[in-house]
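Just passing along the structure, written as structure tokens.
Chain nomenclature is as follows: A, B, C, D and E, assigned in order of appearance, with residue numbering initiated at 1 for each chain independently.
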């Protein structure tokens, strides 16, 4: 199984329950804004502790409330492209990528740095500070950083949302290639039915 | 003329020139990520001073380098829905909306608060603090705030990007209605060809 | 280095001159610790490694004696000082102490010896009750002098040794030399923990005529003029 | 511990002095902090150094400089006296002035740090919504720098409560007028056998500072409301 | 102005004392700031109050308390002496200790403010990238709180340079050993005709503080590199 998730999370006052059982290589998570998609990704990445339930990815148990298992985020090896990017403001773009690469040292990379830089077209941005980037540039760098962390699985929160059609197409192709070439489970949050239809072999609808 | 813009801006090291001449009610601004769309909106709103050129909207000169005209942002009466939302973190959602309404007092509103709240479906969010909102929720509140500022013109930077199809549809309908009912010029940045085709009567391509 | 000597701030210059003379005679230079007497006394009680201590009044030396930090039979009066009433040059010569507008600066009578002596003098002359509300108590004598020099107050009580250079702007109104009922003395003693071989020799030197001459030059008077101990 | 009425009077005086000192210097400190955080102007570094001066000089010297400026013989002091009949030396307003001057650098630094942390894009957003730059300052920069204002006020208040050297030099040690807690404690330390009084007054100081601390933490938390922090 | 060699020695001593004081207290202050900013634990408010204590007590009292604790007759002092032969009173390390204690509250406050301003979501991002919580602290929280560290170090250094009351009480006033600038100024003030020396030393103090200020501003700007601020 790629993703085996059955959790209740409570990011605010409201409890949100999510159930995902998928052995697709790429699972799409869809649902209305505010329904809890990002919260589920946060729980899988280990940033939000569910109040109950269990999470396993690619057969590895990451969280189990009953058995008292809660792998810390840094040991989960998620490649998480955040909806809100979360670039490190005190590091230039290149250093943001270095950060992921250095911590991934000794683990198997899923893609070469040169290739990420070329496909996401961020070559010209490497010397820049994050707070000088445009909306779409920020997202592309965030995705690059996630891909360079040698992840065991990928969590992509609306990766295509801020991109122009040409770049979105390129990223879609890249995602397809990763999906077909690698054995790592991927979860994609998207509002675009077209993208979901193209990329995902299984769709989970929340709410 | 709705928008009569011919400027050179320099947000960073690179100079960016933009030329928009449109008397459409809704003008779409499209172009690759990082090409300068947000910079142009910032210049029109008065947040980024062009190094040369002139800007007029609905016949009113907002900026003219040669004639030394530079209307301050608060006198331009733009309704600007930022790409990065920019909600006030120290005010609850309702207070963010109040902020716009209070400063707009005495000016002609383009839409009633109740209607905005209903159409953008943010009723349940009014008591919340901005940093507890989901990605799409933040965007919806930012759009609501812009609409409630009784603007003379609207600048919408990718308003539909983070929304689920149902909400995106509702917002598109609202934009159409405003476009057809009101005399205020609107400029829309979007990467979605479908949205542009549906909403804009004129498309300006940058780059 | 030589013995460690704790000396009150008002003796700073005189002590430095004596130390220089002593060193010139082929001795190693004593270490001076200069502060207000209360700070010196409290440091000593907390185990400060001093050999010789001089205080600006007898009370603090009594206090030290009670705490057994002094070597028996080593206490003596080193010098005495005089109390001086000065006036600011500007207006004050027409004023008198009992003028309702006159302000009088003096070291805080509760904590500064000079202030206590001034109070003694004023109580004796029967003026204290009337003057008390117009008193400006300062942290030390020098501050009182500074106030009168700047004309912030009309009068101040200071030590004779504070005026020795004569280049002050203040005008001397009257002087009270040390006397049995005005014991403005600076006692000296060796400490119980003193182990420096030069400690006794240096404290003897401090009480020699040679050192006395220096002390007089800095405005102090010979203790024989004051109360004998 | 029973507080005697004399001690109580000292406490009230200290509180009044510190309170007035903070109240008066707060807006000045904030204005300076804002200037230093948001503007680039010639002489900026000089202003910055001037603000820090009371921190780096021994307090006694600061008191002495205050005396030269605000004493009856000083420029400002003489002017104040002639035009308004105000005298600052030797009364509690002088003690408050000394405390305010000593507290100023601490307040400015804390506030400046907070102002610099305010996202300027929010100011831009306020402007497009119709706020003048002054109004945007009042509704965005000011409330978002509340943590710095609170920290600055707290530091300033604590520093004022503890101010000794400048006060005794500039305002003297007059019971009931300028003898604040530190001066009373000092008086005790200077007196043989004054240790008991010192201990009592020191305990009162500690309790007061603890109270001020709890109060300021509570105020900040209230001002920030339920705003959550998310990981 | 020509600085005499005696004055020069005083300056060097002051710089050494202040430098060591800041260097030693910086990590302690930062750890305290982090605890107070990021953790909620019982006794937190007590710790907070304790840290602020040197600010609110008259410096002389702080010096006295140090003397009681670190003097040879004091618990810690006796222990240090017996086991390591270390004496803190009456030498420059004691002056540094006094300065460090007095500077601590200022450093903690400034750093705490900066730590609280660090966006915790960035810590979360570092964690998913493989950073342990310690590593995330080192690579995210620590560098992003540099403005507070710099402000704290600057405040602490300035405060150390100006420290008088605690130093003269705890470390005494011994030329060449503990007579820092403020103590030398005090000694000058106590001496008839010492005003010239006081003025010279005060000017030196001012120049030093200005230097420290310029240096710290420059360091911060360098650490933040060319990071732009956008409206």
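As a working rule, a contact is a pair of C-beta atoms (placed from the backbone, for glycine too) under 8 Å apart; a residue touches a chain by one contact, two chains touch by 3 or more.
Predicted model only: the values in this text are computed from it and were never measured.
The minimum number of touch steps linking subunit A to subunit C comes to 2.
Listed by label, the chains that touch subunit A and also subunit D are B, E. Chain centre most remote from that of subunit B: C (centre = mean of CA atoms). Spacing of subunit B relative to subunit E, judged by their CA centroids, is 50 angstrom. Separation between the centroids of subunit A and subunit B, computed from CA atoms only, is 30 Å. Averaging Cα coordinates per chain places subunit A and subunit E 44 Å apart.
Averaged Cα coordinates give subunit C a centre that lies 35 Å from the centre of subunit E. Shown for subunit D are the residues in touch with two or more other chains, namely 60, 64, 121, 124, 186, 189, 228-231. Residues of subunit A found to touch two or more other chains are 11-12, 47, 84, 132. Residue positions of subunit C touching 2 or more other chains: 42, 146. If you check the complex, the residues on subunit B that touch subunit A are 11-12, 30-34, 38, 83-84, 125, 128, 132-137, 140, 157-158, 161-168, 191, 193. Contacts from subunit D toward subunit B in the complex involve residues 121-122, 124-133, 135-136, 139-140, 143-144, 224-230. Subunit C contributes residues 36, 38, 41-42, 59-60, 62-63, 103, 105, 108, 110-112, 135-139, 143, 146-147, 150-152 to its touches with subunit D in the complex. Chain contact summary for the complex, subunit B toward subunit D: residues 42, 45-47, 72-74, 76-78, 80, 82, 84, 86, 88-90, 99-100, 103-104, 129, 131-132, 145, 149. For subunit E in complex with subunit C, the touching residues are 60, 64, 67-68, 71-74, 77, 87, 89-90, 168-169, 172-175, 177, 186-187, 189-193.
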